[in-house]
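Please find one structure pasted underneath; my questions will follow.
The first chain written gets the first letter, and so on, giving A, B, C and D; residue counts start at 1 in each chain.
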Amino acid sequence: MSLTVLNVIAAVVIAIAFAAANAAYLVWAERRGAARIQRRPGPNINGPFGLLQPPIDGIKLMTKQLMIPGGADKILFMVAPVLAMAPAIMSFVTIPFSEGIVARNMDIGVLMIFAFASLGAMAILFAGWGSRNKYSVMASVRAVSQNVSYEIPMLITAITVIMVNGSMDLKAISLAQAGGFWHWNIFPSLQSPLMPVSFIIFFICSLAETNRAPFDLGEAESELVAGFHTEYGSMGFGLFFMGEYANIVIGASLTTLLFLGGWGCPFGLFPGVWWFLLKIYLLIATFIWIRWTFPRTTIYGLLNLSWKILIPISLFNLLLTAGLLKVF
Amino acid sequence: MGGYFSEIFYGSKSLLIGMGITFREFFKPTVTVQYPYQTLKMTARYRGHIELLADEEGNPKCVACGMCQRACPSGCISLDSVSVDVEVDGKAKKKKVLSKYDLDFTKCSLCGQCVESCNFGAIDFSKEYNLASTRKEDFHFNLLQRLKRSEEKNT
Amino acid sequence: MILETTQQALQALFAGAVPANEAEAGAPRDNGVILRDYQKHGYHLDAQVAANQLLAAVTILDQGGFFIESITGVDWIKENQMEVIYDFSRYDFDPCRVVIRTRVPRDTPVVPTISTIYAGANWHERETHDFFGIKFEGHPHLVPLLLPEDADFHPLLKDFKA
Amino acid sequence: MSAPIQLRPDETFLLNVGPQHPATHGVLRVKMQMDGEYIVKAETVLGYVHRMHEKMGENRTYAQYLPNLSRLDYLGALGYTHGHVLAIERAAGIEVPERAEYIRAITVELNRVASHLFWFGAFVMDLGGFSPLMYAIQDREHILDMLEAVTGARLTYCYYRFGGLYNDVDDDFIEAAKRFIPRMRKSLKKYDALVTGNIIFQKRLEDIAPVSAEMCRKYGATGPVARGSGINFDVRKNEPYSVYPEFDFEVPVYHECDSMARYKVRMDEMEQSLRIIEQGLEKLPGGPIMTEKKPKNIKLPVGDFYQAVETARGSFGIRIVSDGDKNAYRLKLRSPTYSNMHLFDEACEGMLIMDALAFMGSLDLVIPEMDR
């Protein structure tokens, strides 16, 4: 019994540490990557390649005073950053990094991650409403409507994968794709000929769900100042930031598990956690690459994309896959 | 319906083209100058704040005529002179000698009217650009003193 | 082409003989339309009208397809007069810059607003009111634009002391 | 596409955009009456960087006023100083050597490209794309380096003098400019592929914020704003000054009236400016750069003088009322963005705030130039 408790505590600590380290160093990677795209060196003063920049930034954020604007709803204002961070960490619990490395594998792992992901919208709404700032309210309303619309195609594509693999267990889904890249869900099979399209839809949705550019309407720094976290400073802002990057890691992990064969090697050799990490970081690099290439979409363009393009296509794909599953 | 799909197609294509461009830029060398560690050389015509020029003997060329003071749009130059007795060809003569030449750089707009108005070539732009301070007083330059100091350094 | 038609239309505002060139105008000049030497002055037509003729003159230009360039004032303190200058120009390749000017007494500087004809005159008139204290009768929102909201001084007046 | 929606003017809130707001590029304030994300009514508040340049013009001699002109529009300063020296030269009847006028045209056009480049970057940044700004600044840096080598300043130039120039260009400058042109053309192609062709970018600008030609006329809009509304108006062509008649260039005009049209006008203008620079460098005559018959203290004859020039932002006019003294009796600066911004209030009604701020970006505002 006590061993189980210890296990759980260890798993949680590792999950938090992993999320925090990822958040810190993804910021660094993003800044370096953006800089390279823009032909600058990026942070390079503190430590080799500027690797000490994230801890220094962290210390700066932690030592700053936490300001609560006058007239703000204090409870909501304080709860929101925690609410942004906590579900992200919780989701790590059920993500299998390899066959052996998983804090708590669940039969309904996919469902759990989606459930926690939708809590992120609450954090944004709380932050926007609690800040008592018109820009924040507008941003949070935008972000929530965006999150709600993109959850639908994302879930539909996830259901397609679940139908093909016959399980909601992330480990089982990943294992079903083992043994070479031609087994991966991203490649079309007889039962699911439109899988590459599903992958693209899922990828776009994970961009939108994590509020990343070109869908960063909740932040929209040139219009809504800084969006829902306009009023946040110090670690309040830091938690939002960490939550955002933790969500990116989760989005990338989920994409990897559902479509890219999880920890499986493309050639069927030495499957393991390294392949998993390689795949998620390649996906995250694409996230960064996209962010520094495109301008922001408009709110109606964004909703149109979801409701008029992504949802019909993913629904069609779902029906097609369901039909073909019956046939073959 | 055809428009619907062609828009998706051309839209996606334009996005991929954009990503191709940033991908190529990623591998190009950086173009920035790491300022405190590297510096650029100022061009020959760079206009810093003005500076007094010295003649062969190390005295300012300035004859304290005050043309620059009048030409300045912002009134940032203030100069003063004293009369001293000098011996020219064995005769005692009064001569105006520059005793003070202050530049209030906080007001200066670096237009160069003073340098142009000077008939004696006594002032010129310096090449200094590392000028930063938190106090206004640091930009009240005593140009006469600066000249003396730079002359001492040269000898 | 447009120059002559505009000149004739503006001249119709004045009854009787009016000076037609600079030499005849004299100084201070009487109301009337003058052809200016473009090479020297940078504009073609110079019409000085009375304040009550202003709207009629501007309407002629509006119908002629002119766009509003700017509005400004001049404080003629010696003559105890205030001048309001309206610049108009054209978008086409028949260059014709028209200057409409009107003089009002310095103590009661009131002219009618032309923002009803040219919506863009709104800010120009507010600016002129800021700087000179000239009142534009009928202006919808004559509050300081470039000066602070509570400004009660007019810095471009010649007797303005900071 | 923004569907026509029923606005509720009775259920609105006031959104204060600025004076410190990332989209206003300076200290501009717009009071927006909002219904959700839709603007019901907007009122622009100016004057946060008002410096009363016109009063300074009355207190300073004409030569002393030279540095002021470059403080109006810090991105395209040479165009404004050009207008000033042309006005004085016209009024005082000063002849300018041909070489000086050619160098003026070349440097003004270089400055125009620099200004448009910076606008391009900032505009795309308004829309959320950050990297194009860096690419644009990189190209602009080459121009500023060239201009610095000639004028001694990077932004607030004080290069033109009544009757000529402060100093001559050297072979290095001509070489650098010749190298720059093909480089810039390559960059323009890159911007075309990266930004203009981008579907997100097109969706954000096309059919957004229509400004009719009639509206331009009523508000006196000039420059790329008017040309994006189908008005073929460029002071360089309509009222030729300096040596512009010698050059073969076109005035890009688009008839769509939307933000995209205004964007395309400026992008095409860069190419036309490059053509002018190319021809200017080719034709650049020798000779003096300063007229000899120049009075030391310039006094203008009594009268009223006007000079319009095409700057990067539109038609800039300078009116000098002289009473024969060495100072102007009255000096009026007609700044193009002042008129261009004025139509924002009317045009943005019923627009989404997102589109309105993109529209504001497409007007190419430089606040110090507007506030003077």
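A few comments on the model shown:
Keep this in mind: a contact is a pair of C-beta atoms (placed from the backbone, for glycine too) under 8 Å apart; a residue touches a chain by one contact, two chains touch by 3 or more.
Predicted model, so just to flag it, every value in this text is computed and none were measured.
Taking the mean of C-alpha positions as each chain's centre, the chain lying farthest from the centre of chain A is C. More C-beta pairs touch across the C-D interface than across any other pair of chains. Note: centroid distance chain B to chain D, computed from Cα atoms, is 26 Å.
If each chain is reduced to the centroid of its CA atoms, chain C and chain D end up 26 Å from each other. If each chain is reduced to the centroid of its CA atoms, chain A and chain C end up 63 Å from each other.
Spacing of chain A relative to chain D, judged by their CA centroids, is 43 angstrom. With touch defined as above, residues shared between interfaces to two or more other chains in chain D number as follows: 131, 135, 138, 194-195, 198, 200. The set of chain B residues touching two or more other chains comprises 15, 18, 21-22, 25, 31. In chain C, no residue reaches two or more other chains under the touch definition. If touching chains are joined by edges, the resulting network of the protein chains shown has some other shape, matching none of path, cycle, star or complete graph.
Contact between chains, per the stated criterion, is found for A-B, A-D, B-D, C-D. Considering their complex, residues 7, 10-12, 14-15, 17-18, 21-22, 25, 31, 43-47, 71-73, 109-113, 116, 125 of chain B touch chain D. Put simply, chain A touches chain D in their complex at residues 34, 37-40, 134-135, 138, 142, 213-214, 216, 220-223, 225, 292-301. On chain D, the positions that touch chain B within their shared complex are 60, 63-68, 71, 131, 135, 138, 148-153, 156, 158, 166-167, 190, 193-195, 197-200.
Residues 1-3, 13, 15, 21-23, 34, 36-37, 124-131, 134-135, 138, 194-195, 198, 200-201, 203-204, 352-355, 357 of chain D are the ones touching chain A in the complex.
Contacts from chain B toward chain A in the complex involve residues 8, 15, 18-19, 21-23, 25-32, 34.
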